[in-house]
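Letters A, B and C mark the chains as written, and numbering starts fresh at 1 in each.
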Amino acid sequence: MRVLSWLYLALMFGFIFLPVAVLVLFSFQDGRLPVPPFNGPSLRWYVEVLGDRRLMSGLMNSLIVASLSSAMALFLGFLAAQGLARYRLPGSVLMRAALIAPLTVSYLIIALGLMSLYQRAGIGLSLWTAGVGHVVINLPLCFAILYASMGEHQRSAERAARDLGASEVQVLRLITAPMLAPSMLAAYFLAFTFSWDEFIIAYLLTRFDVTLPVEIWALLRSGLSPRANAIGSLVFLVSVGVLIIMELTVFRRVRR
Amino acid sequence: MSAGVELRDLRMSFGSFTALDGVSLSIAPGEFVVLLGPSGCGKTTLLSILGGFLTPVAGEVLIGGRDMTRIAPKDRPTTTMFQDYALFPHMSLADNVAFGLRMRGMAKRERRTRAQEMLALVGLPEAADRYPHELSGGQRQRVALARALAVDPQVLLLDEPLGALDLKLRRQMQDELKAIQRRVGTTFVHVTHDQEEAMAIADRIVVMNAGRIADLGPPREVYLRPKSLFSAAFMGEINQIPGEGQGKALHTPLGALPLAANGPATLCIRPEAITTAPGPDLLPLGPARLLESAFFGTHHRAHFAPLAAPDLRLTAHLPQDAEPQPGMQAELHARAHVVLEGRA
Amino acid sequence: MTTARENRLGWGLVAPALAWVALFFALPFALMLGLSFARLEGRVVVQGFHLDNYLRFFTEPALFRGLIVSLEITAIVTVVSLALAYPLAWIIAFRVPRRWQRLALVLAILPFWTSYVVRSYAWLLVLGQNGVINRALLSTGLIDAPLIMSATRFATVTGFVHFFVMLLTLTIYANLVQLSPNYARAAADLGAGRLATFRHVILPLTLPGVMTGAFLTFVLCIGDYITPQILGGNNELTLPQLIMMQLGRRGDFPMASAMAVILMAVVTLAYLACARWLRMERV
């Protein structure tokens, strides 16, 4: 029974990592096609990718859209969570449902909806219009995460601080913010990841300046290319690196 | 039917931490034994080993005369009542209680009948089709007991089952546990850190400390004639006066007392055994000054400083109708005492 | 007790988020709904209340087939992913030593951090005619001609399953780990073997979490455009692919909107079924 478990674990991990392994391996391909046999290793595709103006601008655009839209989603989500967690408002159940609703809707549908809106309003497509869509998909997430962590224990701590003479600003700065910091960080990180990786909204709602997934898509239209491997591996390795750094700094501190 | 339990030189460690350091114990069939001790003393570890959830590093577990040391829980004639009850939330009470019977292949109708019987035994006769989340803590307790008893185990293991209940409910459940045990006659092994609870229900108390048995015996024995300094202090409040034994006399800060002892020893006296009224066969403790006292309903709890040893503190229970005044002097005597080897 | 002033403050805090959702989610959806009843005449969109688009969808086999294909693929993906993920989550939760569990979990979901587009593409490299699997099988002589694996439903399902196994492993693991260990102990104590414990105790207790995961899988899978587009080939198209075709090739926004509404309706039905089931289970 034990042996079966470990065997299954190994098989599943094999399955899970197979495409990633192939992707990374053939990003070092010294040849035109990212398929066996493997010649190499060669860094030429990474060099090409890093020098590819379109890919790099796509990457930059993705970073900008992700960081800004996630910040906006976090901001709106934080305010809403505070409002609903602190004050007993009528219809709060409905409001909460409304804020979480976009989570169950396909991104394609959200994109189509926004296209209708922009068309009607005569707004041209750009990174901003896509960013708006990203806020729509990430706001429910940020709200849900923050609302769940604004519990009774946080409010008692604030009450105690006020009782000991702290002003509202001090309470916010010294009690609320540090207590919520881990959830805020987690929410931002998650939102950033979703926005960074998001394709269909970015594809339909941008025109000239596009995000990285859209650029990669264009790259793929022209067939298999180690360039796609290179940019994919680059994104993967950088993401993993960021994850490791965050694990060692932020999450460690939180766990203490 | 119930069985006796024999534990032989059990040893258990987790990494570098020794949880049990050579524990041997004999439990008679039908006995209600309580394992008592502070956190970390090994009582829960011992219970887990009895139940089969842990395998000891060394030693043997015999139940009903058969070696069960390495047998899995499902094949042992023991059942356990867990601290968090662990009632299956998705099953009705009847299905919960009948679960063990189902595992033994009993037919549906028979199972249900027996489950009803058990629920009636624990005082919940009409609740068969209700669900755990509809019950209070005390009621869930009883269902857990019913479930454990339904399979007619030879030994029932209870892991601090009354810890989550409030005082009144706890006392009530203690009485009920005792009554049910007498009725079904199963051997009960009960773990607790509450010495009052232990005294209320046990036929025999096993006091444990740091992986070893510190004392063993019926409640009266363990309370009045403790065999170790640890159990003396654990079983209730006690005055411990250090001394040096020299054969016929014990030299203490209070003076030389006519007690037989050798080497370092401690004189142990319960607060309720100290009296200010003279009388025959009492051990004289000398004059002392009252520092402070508080009224506890049935008695006054008073702190004295002996004149012969002003740094020493003696706690005494004065009668309800006494009128203690701080600063007053009194002659103290002990009605009962124990001298134990070693120093606290 | 909240005063009127405090209430106003509360409203003020919630308002921006609600406004955003109303303006950029609810309103667009309403507009799209309205558009689905419009008609495309030539290149002009004629507003009004026409059911043309919906009728067309249910009568044109090529279009309706898209819904069937999407439902079939989604059903297969959901079942297969659950069947593969549950044991994996179980092994990580109960077989892997506690110290290594977090690492094992992170490793199991690490490929999440490749771009979604890139990950589907990577499966092309594995399943393609010149891909890794075919090359390996050919070189060892196990087959004579390359197996057709890419541009098939098999490839689409594989791509999806790869993603959802990771997602479900995460959610099921979280569910398993918060079960009190005493449930399993109590069951064993009462005479249940490992299989019986799983069947009567663990499985029922984790079913709500599993159902939620299954629903999530359903929603994400049925609405996905990328994976079928990259891996599925042209022999059969899913509903999202057909929607994109209406947009791209024909510029038929009203039709695309109608099909999107239908997709939304299917998802809503699934949600209602799931919610009702969950409420029944939550005795």
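One rule holds for everything that comes next: contacts are C-beta pairs under 8 Å (C-beta built on N, C-alpha and C of every residue); 3 or more make two chains touch, one makes a residue touch a chain.
Since we're looking at a predicted model, the values are computed, not measured.
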Farthest chain relative to subunit C (centres taken as mean CA coordinates): B
Most contacted chain pair (by C-beta pair count): A-C
Centre distance in Å when subunit A and subunit C are each reduced to the mean of their C-alpha atoms: 17
Subunit B and subunit C: spacing of chain centres that average the CA atoms, whole Å: 56
Interface residues, subunit C side, partner subunit B - complex: 180, 182-183, 185-193, 196, 200-201, 204-205, 281, 283
Touching residues (chain side subunit B, partner subunit C) in the complex: 51, 53, 72-75, 78-80, 82-84, 86, 88-90, 99-100, 103-104, 131, 133, 147-148, 151
Subunit C contact footprint on subunit A (complex, rising order): 2, 5-6, 8-9, 12-13, 15-20, 22-23, 26, 33-37, 76-77, 79-80, 82-84, 86-89, 95, 98-99, 101-102, 104-110, 112-117, 119-120, 132-133, 135-136, 139, 143, 193, 197, 199-200, 204, 212-213, 216-217, 220, 224, 228-229, 231-232, 235-236, 239-240, 243
Subunit C residues within the subunit A interface of the complex: 2, 6-7, 9-14, 16-18, 20-21, 24-29, 31-32, 35, 84, 87-88, 91-92, 95-96, 104, 107-108, 110-111, 113-119, 121-126, 128, 130-132, 135-136, 162, 165-166, 219-220, 222-226, 230, 240, 243-244, 247, 253, 256-257, 260, 263-264, 267, 271
